[in-house]
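Take a look at the structure set out below.
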Amino acid sequence: MSTFGKNIIISLFGESHQEAIGITIHNFPPNIALDLEAIENKLLLRKGLAEISTTRREKDHFKIISGFYQGKTTGAPLTFIIPNCDINSGDYTKGTIRPSHSDLPYHIKYQKANDYRGGGHSSGRLTAPLVILGAISEQLLKEKGIVIASRIKSIGEIVDTIPINQNCVKSLLNDSFPVIDSKIKDEMLKQIKEVKNNGDSIGGMVETVIYNLPAGLGDPFFDSVESIIAHLIFSIPGVKGIEFGDGFDITKKRGSEANDQIQIINDKITFLSNHSGGINGGVTNGEPVRFTTAIKPTSSIKLPQKSINIETYENTTLIIEGRHDPCIVPRALPVINALTSYAILDLLLERKF
Amino acid sequence: MSTFGKNIIISLFGESHQEAIGITIHNFPPNIALDLEAIENKLLLRKGLAEISTTRREKDHFKIISGFYQGKTTGAPLTFIIPNCDINSGDYTKGTIRPSHSDLPYHIKYQKANDYRGGGHSSGRLTAPLVILGAISEQLLKEKGIVIASRIKSIGEIVDTIPINQNCVKSLLNDSFPVIDSKIKDEMLKQIKEVKNNGDSIGGMVETVIYNLPAGLGDPFFDSVESIIAHLIFSIPGVKGIEFGDGFDITKKRGSEANDQIQIINDKITFLSNHSGGINGGVTNGEPVRFTTAIKPTSSIKLPQKSINIETYENTTLIIEGRHDPCIVPRALPVINALTSYAILDLLLERKF
Amino acid sequence: MSTFGKNIIISLFGESHQEAIGITIHNFPPNIALDLEAIENKLLLRKGLAEISTTRREKDHFKIISGFYQGKTTGAPLTFIIPNCDINSGDYTKGTIRPSHSDLPYHIKYQKANDYRGGGHSSGRLTAPLVILGAISEQLLKEKGIVIASRIKSIGEIVDTIPINQNCVKSLLNDSFPVIDSKIKDEMLKQIKEVKNNGDSIGGMVETVIYNLPAGLGDPFFDSVESIIAHLIFSIPGVKGIEFGDGFDITKKRGSEANDQIQIINDKITFLSNHSGGINGGVTNGEPVRFTTAIKPTSSIKLPQKSINIETYENTTLIIEGRHDPCIVPRALPVINALTSYAILDLLLERKF
Amino acid sequence: MSTFGKNIIISLFGESHQEAIGITIHNFPPNIALDLEAIENKLLLRKGLAEISTTRREKDHFKIISGFYQGKTTGAPLTFIIPNCDINSGDYTKGTIRPSHSDLPYHIKYQKANDYRGGGHSSGRLTAPLVILGAISEQLLKEKGIVIASRIKSIGEIVDTIPINQNCVKSLLNDSFPVIDSKIKDEMLKQIKEVKNNGDSIGGMVETVIYNLPAGLGDPFFDSVESIIAHLIFSIPGVKGIEFGDGFDITKKRGSEANDQIQIINDKITFLSNHSGGINGGVTNGEPVRFTTAIKPTSSIKLPQKSINIETYENTTLIIEGRHDPCIVPRALPVINALTSYAILDLLLERKF
């Protein structure tokens, strides 16, 4: 389903090549003066670096058609609409199955009635309303001092090994291609352009950190913080893995290396490490929450691929022209931030007596 | 929360050192003759190999107190209860914070009122009712020919590199320590015993495969198959990562290497590879669903650790005696299977008009 | 919240005097050729009889911005938008509390930020998207032979005593003021006009019947058919009571009079009466489901009322000019039908293995 | 389903003639010292007056098997179990359909596998765990000064016309047969005994009032206070109608009579009447919430009734012996109070930022 949430319920709608896309946000607190400029800035970040992004340049001019009056949220359902303007549906042929796209499973699931153009409802376009959601969530989190930031950890085999820390966060926040090591950043960009020139695509990893979270958020079992974040992150097109704290690497460690020992230092409870990524037993422990997301190479490539036409039921060789990013990592990053902000806001609104 | 599900709703309850643990399963289909022996066998697998497991040997004798009459499900809520018998609460001292356990975050979250003994509600004990849930879910999946199996992929640095395939599945299903390469299995067991003798613990990975799933299960966005499985798997204590298909490795590939090309061969739609792990756009494509779970080393170790007592607010050096597994990987594996079976059953029950 | 549903999830949005109102319908079956004319006809019925209705004449031209392609539902979220055109916000003064309206509780709930004009999100306007929801739900119910119809049972003290039956249903369906006894209908209309001329308003009752429902829908306890229908009907502005079958009258009967005895007649299970209104133990028994809804007189009247201005915190005498129906009963009736159709469709989509 | 709730999620289980019944309450606040004696007192009230109640005298000794440690809630799921002791299943014959009972619809819904003895999961027995839920909810409401009380408004045609008011509430709270007018109470009891002697049964109405609710609880549309209370109340076996404020009577009034005018008196916002029953636009306005519930005569009567045996598919004349109340009104009343307390507590826990 395209709804989610326990406290702030979201309802996402739209398809890539229809009139508009949008989101309705239920139970957002009333009387909040929304920072519309901050929303626009986040939407801009989502477009990625012009030099390596798709040439489909949607303006992403949103309008608020409900829940907003005299510059403030009214408490009624908050609906944002983004019209689809720059549509070029001629690029899509009915029946052509693009490898590793949703074309085939949706064709079956929706009894051939799905709007196949541009991936329909599963299009990356739909992440624009999610970025709006993230922007207004972040605005509330800021009031509590909570900061969420991500960096590109790797592109293909090129890895940024400098650990993320609270000092570099600010510079990451407004960067369309946030990498900590600037030399590595150049290598990554070069790599992407090379791949692009070959008509191919490439994947990468994004690392995300949440600072200043209070301890005690989340639940044992089915609403662990990991469960909720993972649920949302896996809804972003192209995500194939997620790990918290030391993640897959922790499997290679001994308990004596992996445990985060604790001491009272200067009268403050202090963790001597953060292998757990700020979560124990599903609940935040007060340390920064840290997770890494694996993003696959863009499925749309210009190289010839063996495929089929499901309407004619014939084999074909497919070359995807259209306008596509050779690497969706920098464009997925603001969406990861957005859904993380929303996840944390929803957790913060937990029942209180 | 300790509830989950869209169609079959589960409600998990109990704490490690109280009278009983259990689960209520709502909307399980009526008129099903439950295979009680199969449940017992699964509970046995969950205990792990005797030689490397905790010496707390709960009998796990369950009773059904609701929803079952004359050998069949009645359609009413199905409640299973497992009494806690072999309790040794003397092992737990109030206020002692065990590193990388839920002790500290729960102390804060539950205003010091949580039952700290044995981890309370977050205890691994609670996975026993989940294994019951899995056993009865699996019984229904079998009717549709769906098979779910897991193998230990790694323990520490020791990796089983033989790819999983449909032929070896049967032998994996009833093994307390399922590894495909028997030589690797011996090495793993040796490694675990070594770690145990040192008073330390070790982690590992579990790989899971689902065969014969129909295409078309799951949804775009917030109920992608990855989202739902990840949500449940991250509720298992000790899980720190999950990846689908090629997972984190896919980030290093080009699109031309990562895409699963398709051909009609012998009049059948045939995928030439399965890097996607059987899911595109959140929806199953008919190929086997494949994922890998990262499990951390057991947090309870007998080696000295720096820690605190939260009641006295003093530093302390902690040596955890109690009875604990040096490696929870083989015991987490049947729980992964169980929650996967339940996830798939819930997806199969999706609205139909 | 403005979301509802187990299988088909709805998300309602909009405020009376903002740009647009609308609804997103999640999980509506794909590949359905929507009957757009039927939607328009239902919207027309919702406007009521011109002679006794508000002079705010919204055109209710809807557009579908998502989930609909080439005349059919795609399976993606289905979003209908109705622009607000004929807005006359000058009628509303900030701070004026209209007696028995939502003005005061919303002012408190939403921290003074609610859009008070025309009742904001709680406006009767918002029932237009619900009527669209009902129209497309009804289209699917028709395929299964299920018929839902309502009649005006009473206006003030004037009661239509002829029992509803399956023969008169058709004529009720397309009537803006459906009454079975035509003489009573004239009296009712006369009464409403009289009240209107006095600047006052009047209430009434609506009786609803559902024919050809299969037995076995609904659940014991919290999802009884009565619970679900009542939940939805009480969300219609102005509803103050609901009763099923003989309802409040059954409290005056003996069990021997109130019970519905059963016989096998001509090899068919036959109920000898239907005091239960087609539901036993929360579940349909195969008989027609029957319920009656109590609707209060319109709160907006042109007669002077004692009230306050919450901004100036002063007493005032209020005469509500604006454009309002003297009786909302005929306009609530199509909304009752609509939500009943949706409720039944959602129940029919229940999990099936 | 037998689950409910947004903030405090409940999971009800058990069948009349199986081992036990019970409830799990998720998200109940931690660190609450439960008043176990208050629970016992409420369970006693639920048994009704001995002279007019069923001779099935369950002891209703409950035990808490989870979520309670050292006299306080731990924050983990709170599970109460009540063993079924005094079972006399010989009273029930397979296949006999009791008129106006759930026998027939459940037989169909559950594919003949339902536990038909004593109504199975739909038995009035299941209201005992709900009364426990109500008792602990009420304990929290008391802290906020909120008082919930009910009185028997009518038995058959005998009506208690004295209006309920805050002074008489205390005496209602601990009465097994709370009627305000003591002469009417005697008449009612006489009537019930007469009916009992005839082997018949009788219905009645219960009026409920909630004092000291803050304004601003509830939501427009699908979570109006009326919607939520009605949803829960209709899950009580035997309920056929509910009305808020003046309810069905308001349909006979003019707007000028039905509206609740407002004035500032002694610097306090004061409603001059409460026809609305304390709710406008779905949200509490600060006045007492008031509603009336219609309860049908007990379906089990000792008089001969025409019925069928669904196994032999033959007509039969049924005389229900067993042990049954001639009037369930006084026993439904504490359940109405209990579910109302729970509903209000759930509303009070609403998201707060």
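By letter and in written order, the chains are A, B, C and D; residue numbering begins at 1 in each of them.
Throughout what follows, contacts are C-beta pairs under 8 Å (C-beta built on N, C-alpha and C of every residue); 3 or more make two chains touch, one makes a residue touch a chain.
Predicted, not measured: the structure shown is a model, and the values here were computed from it.
Looking only at C-beta pairs in contact, point me to the busier pair out of B-D and C-D.
C-D
Report back the single chain whose CA centre is most distant from the CA centre of chain B.
C
Calculate how many whole Å lie between the centre of chain B and the centre of chain C, each centre taken as the average of the chain's C-alpha atoms.
About 46 Å, centre to centre.
Round to the nearest whole Å and give the separation of the Cα centres of chain B and chain D.
Chain centroid spacing, chain B to chain D, equals 40 Å.
Hey, how far is the Cα centre of chain C from the one of chain D, in Å?
Here chain C and chain D have centroids separated by 26 Å.
Using the touch rule from the top of the page, what residues of chain A touch 2 or more other chains?
1-3, 12, 27, 76, 106, 109, 121, 220
For the complex, give me every residue of chain D touching chain B.
It is residues 1-3, 9, 11-15, 18-22, 24, 26-27, 30-31, 63, 65-69, 72-79, 81, 106, 109-115, 120-121 of chain D that touch chain B.
Which bits of chain D are touching chain C when the two form their complex?
1-4, 12, 97, 99-106, 108-109, 119, 121-122, 126, 154, 156-157, 195, 200-205, 215-217, 219-224, 226-228, 230-232, 234-235, 237, 239-248, 250-264, 269, 272, 275-277, 279-286, 294-301, 303, 305-308, 313-315
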